[in-house]
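You will see two complexes here that share chain A, one where it goes with chain B and one where it goes with chain C.
Coming up: the complex of A and B.
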């Protein structure tokens, strides 16, 4: 049995029906987890040897009305990544914070809060992080219209208009003067 | 007056605000290969002692605040060179949500260097051009800032909170 299969079997015997585990490829296992099982899952994997919290990221599934949070853990011993992905509701998105299990989650959660607007319950410091004086909806959401925002905020009306109405000039190679 | 201008244009102290990728072209410009010191230009650590502000590349809103503060601390006459296409119209960040597009809306610019990124030859060329402009008395962008202070502040207020950021309390 390969390492990935052992890990898959262990997770399945511990959590049973609640999670669906897939081996995506060599060195990568993915566990589809319901929202309330994420923290137990993180705690379990941490004592199972996954000491490195590599990444927390978010995907906006706007048509389903869901955010998908992906917790990316890594173990040096097994050389395996485990991705825990969970779907939460998109409007008024909340999620219990993971900083009690992995301290590393602190900044990732701040970032996700700023870029997607997910509230992490119990996080002590969800204030300005990368953006400053940001007004408007969080910029990484799919319903954020970047071009409109840019045109209004940075005085780019004329320039974008010009860019998109200009006739395409075929490129004729270097030295041909256009 | 002519002597003053001569002296000014031949000992420019430069503060380079290395914000974007183009800043990697500055070390060769400063060091022996292109050697900008032969024109009397030396890099300076603080805005209060420098004449020339070189903005190398894109500015996020967060950085723009710092640039404005640095610019306002510089003694007059002060000169600004915008370096790279990002300072002209946003360059490859033309549709980015957090990068300002036209530097001249927020602080006055004497001279732009086109290119992404400009080579050291282009930078030296711009320095020589600036020197010429100072000699002829054309590099007067800093006066524009004083005369149109309200206008610049209005533009700045559109992208960040000027009140919260200003030094006077």
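Coming up: the complex of A and C.
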């Protein structure tokens, strides 16, 4: 039994049918987890020796109306990354904070709050991180239109329309070169 | 954390400061010379790469994504290529793999030379930056010959590298390696055995084993804390499993001295890898043919790819929905863990004169934290 299979079996026996675990490839295990099971899962894996909080990221599945949060944990002993995927509702997105389990989540959650607008319940400092005086919708969401933003904010015109549309010219007969 | 009183001093390090590569500032509260609290202040270098990537074709992202990091841009290109190759199950030609190894290791040498100069400059030994940046130029010359660009190479592509090595390139690489090996002896005399260096760096800015594991420290910083973890050994990407090299495990104190000496030893190991790669390099094609790059699609799915950069574990989380554009790309830069939470923790109680040295020795590179 490989290490990945052992981890898969352990997670399945601990969390039962709530969690779907897949082995993506060597060194990668993915656990599809419901929202309320993420924190118990993180706590369980930390106690199992997954010391490294590699990343926390967010994917905007705008067609399904969902955000997918991906927690990536790594263990030196097992040499395996466990990716915990959870889907939360896109409008009024909330998620309990993970900083009590992994303090490294602190800045990742600030970033995702700013870029996607996910509220992390219990986070002490969801303030400005990378942006300054941002008023509009969070910029990493799929419905944020960068081109429209640039046109409105900086008054830049879309030059491609003028460059690539040919002006119609009257036909002057054959051999007249237009 | 000590309590901040009304009459304590407030300082700003940066946004342009020798302690940090790139623009990033730290807000410091100090009592006399002792730091009470430090708070990183990001945002000067945020260029929104992750958003820009979503609006370009897969192949058009290669000239974009490498601009994240100036000292070592090649890791970004290679990671994007690795992610696409993994999702589409492409076999990369042998020769391309070897060329990638040579490029990555040369980039590591260049980044380490930059690092030595930075640490020495932060201490006040200003001769060494002149020497190392000068020697780095010999490596940049090689890159210019191979790729056409000195800093940004835009050399990797899906399924290999853009073009083959020019004639006689291998000999010129070996010549530069010989020169650098000779030069290392000079660096030892001038810098690594310098009494000032020893006095200023030993026991300063300690990141011990427990702290390193707690704050997700990776790369040379983690190895200098006594944990022998290297992605090239633990999860060999490309063809690193075919090379014979060691991960130095002599310095384990986790202070500025250990971190600098760890990189000094790894510098020699990188030279070893390049020599082997040139020795074993087979002939053949260097890339696969892609019929129409602008209609190139990547199978729906997601993957996390990582490699060992000069700063630590560098990773991309890539999501594709099966279209011609990437759906999401998250850049996991090592500086996100080294420069923020870790610095908040270790900088308390240190002397204000040591802070830029500590920051540089952690190799905090704001561009890969902010993207």
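Operating definition for what follows: the second predicted complex is superposed on the first by the 157 of 178 C-alpha atoms of A that agree within 3 Å, B and C clash if a C-alpha of one lies under 4 Å from a C-alpha of the other, contacts with A are read in each partner's own complex, and residues count from 1 in each chain.
Keep this in mind: contacts are C-beta pairs under 8 Å (C-beta built on N, C-alpha and C of every residue); 3 or more make two chains touch, one makes a residue touch a chain.
Remember, it's a predicted structure, so these values are computed and weren't measured experimentally.
Steric overlap between chain B and chain C is absent once the structures are superposed on chain A; the two fit side by side. Once chain A of one complex is fitted onto chain A of the other, the partner contacts of A:62 are absent, as it touches neither chain B nor chain C. After overlaying the two complexes on the shared chain, residue contacts for A:137 are found with neither chain B nor chain C.
Touch criterion met: A:54 reaches chain C, while chain B stays clear of it.
In the superposition on chain A, A:146 makes contact with both chain B and chain C. Within the superposed three-chain model, A:154 lies in touch with chain B and out of touch with chain C [touch as defined at top]. In the superposition on chain A, A:81 makes contact with chain C only, while chain B stays out of contact range.
In the superposed model, more residues of chain A are touched by C than by the other of chain B and chain C. Minimum Cα-Cα distance between chain B and chain C in the superposed model: 5 Å. Contacts of chain A with chain B, set against its contacts with chain C after fitting on chain A, overlap at residues 130-132, 139, 144, 146. By the touch criterion stated above, chain C contacts chain A in their complex at residues 42-43, 46, 48, 50-52, 54-55, 86, 213-216, 218, 227, 229, 234-235, 302-304, 313, 315, 317, 319, 327-328, 330, 332, 336-337, 340-341, 370.
Chain B makes touch with chain A in their complex at residues 61-62, 65, 89-90, 94-98, 100-102, 105, 155, 158-161, 164. Listing the residues of chain A that touch chain C in their complex gives 24-25, 27-28, 51-55, 57, 59-60, 70, 72, 76, 79, 81, 83, 103-104, 106-108, 128-132, 139-140, 142, 144, 146. Residues 130-133, 139, 144, 146-147, 149-150, 153-156, 159-160, 163 of chain A touch chain B in their complex.
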